[in-house]
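Everything on this sheet refers to the single structure shown next.
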Amino acid sequence: MRSVRLTVLYFASLREAAGRAEETVQTDAASLREVYEHLQACHGLPFPVERLRVAVDGAFARWEDAPQTGSEVAFIPPVSGG
Amino acid sequence: MRSVRLTVLYFASLREAAGRAEETVQTDAASLREVYEHLQACHGLPFPVERLRVAVDGAFARWEDAPQTGSEVAFIPPVSGG
Amino acid sequence: MHSDMPPRFRLAAEDFDIAPLRGALLDDRAGGYASFEGWVRDHHQGRAVSGLFYEAYPALAEREGEAVIAEALERFEIVDACCVHRYGELRVGELAVWVGVSAAHRDAAFGACRYIIDEVKARVPIWKHERYLDGGVGWLHP
Amino acid sequence: MHSDMPPRFRLAAEDFDIAPLRGALLDDRAGGYASFEGWVRDHHQGRAVSGLFYEAYPALAEREGEAVIAEALERFEIVDACCVHRYGELRVGELAVWVGVSAAHRDAAFGACRYIIDEVKARVPIWKHERYLDGGVGWLHP
């Protein structure tokens, strides 16, 4: 089973719920969606995956993308700039 | 027959066609429309009355209004500010 | 309108500074501000423009300009609005007209700003006289 | 985009000056300029706001902001556009976001300005955290 190491970033209320802005995660998840669902259960994160977007290394990505080792994964809650 | 004295103002290409910015007119016209039509014939003004608006003493007026003595009548060609 | 209120529509004989006009629209209730500026372009319908002047009928322009802004204040949920239009000689690149609108929300700010510039261009007695690089001149009477 | 071009979307840690940003959009081809500013309001959904801060994910915000402006340049007949968004601590009345667009005609200037602020608000990863006078605080996740 393939296992990869990711840096995960949290923002805004997701950061507060996770109790951290960033963590390193070792995962064998097949998709970014699975990565989030695992962390959601771990930390009791308030957002279902449908309300989030996901980004990898500073660019939006797809939930079905496979996690790549060494990458920086960010879960993006609904934005409120402006 | 009632005769009134008006100050008439011309602007932009209407001023150039009339060869003056302002003139004093003694008229027995029944309406501002008739005042214009008379001056249009006199000076060969290029605009039919339908393309103009008319103002009296700094406020828009109606072509059917009767000229009032001592008032300032302006013929307003299509505007192009902005 | 109170007679001691400053006019919301003004004619300017010289280049004017936007900063204090914008500053006067700042308001803690306002979350949005939309503005529009018209500048003298270097071309008009394919002809190179070397300069222009605006002729105005000041008494009527100020009255009609105030009426336009009063209408915008009535039709849109805005906090305040202001418009200044130049007259006289202008060079390419100079500011010809400025509109600023403050509002709680951006929909109203954009809507009112657009309304004011559209109505000012359609109704306020100001006329543009352009000079072209090819030597021609002309009044614009759309 | 050329790598040596200055970015058209920027994040600002401190209050910023609009004048040079507007000046950079001035262009002899442009006859119209539309701008929008978002200011910190003193209330939100009926609660009095004492202050706020914006959190951003800078790498993604800059990338997505540039994408929004590139889309505006493609969809509208505009000359240039720029957007700056604050992050960090802001007081009531401070400037949170500024958009400026220059174009030959006002239709395109207004359309692109509206497009940019709408898309920035919808897509760029910046989050508003408000503090209320009644002591409450909250993240906004519309």
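Labels for the chains are A, B, C and D, by order of writing; each one numbers its residues from 1.
Basically, contacts are C-beta pairs under 8 Å (C-beta built on N, C-alpha and C of every residue); 3 or more make two chains touch, one makes a residue touch a chain.
Note that this is a predicted model, so its numbers are computed, not measured.
Relative to subunit C, the most remote chain by averaged C-alpha coordinates is A. Chain centres here are Cα averages; for subunit B and subunit D they lie 49 Å apart.
Distance between subunit A and subunit D, defined via averaged C-alpha coordinates, is recorded as 26 Å.
Computed from the mean C-alpha positions, the centre of subunit A lies at a distance of 74 Å from the centre of subunit B. Touching of two or more other chains is recorded for residues 38, 117 of subunit D.
Contact between chains, as defined at the top, is found for A-D, B-C, C-D. Put simply, subunit D touches subunit A in their complex at residues 38, 54-57, 59-61, 63-64, 85, 96-97, 117, 120-129, 139-142. Across the complex, subunit C meets subunit D through its residues 19, 26, 28-43, 92-93, 104, 106, 109-110, 113-114, 117.
The touching residues of subunit B, when paired with subunit C in their complex, are 9, 11-13, 15-16, 47, 51, 55, 57-60, 74, 76-82.
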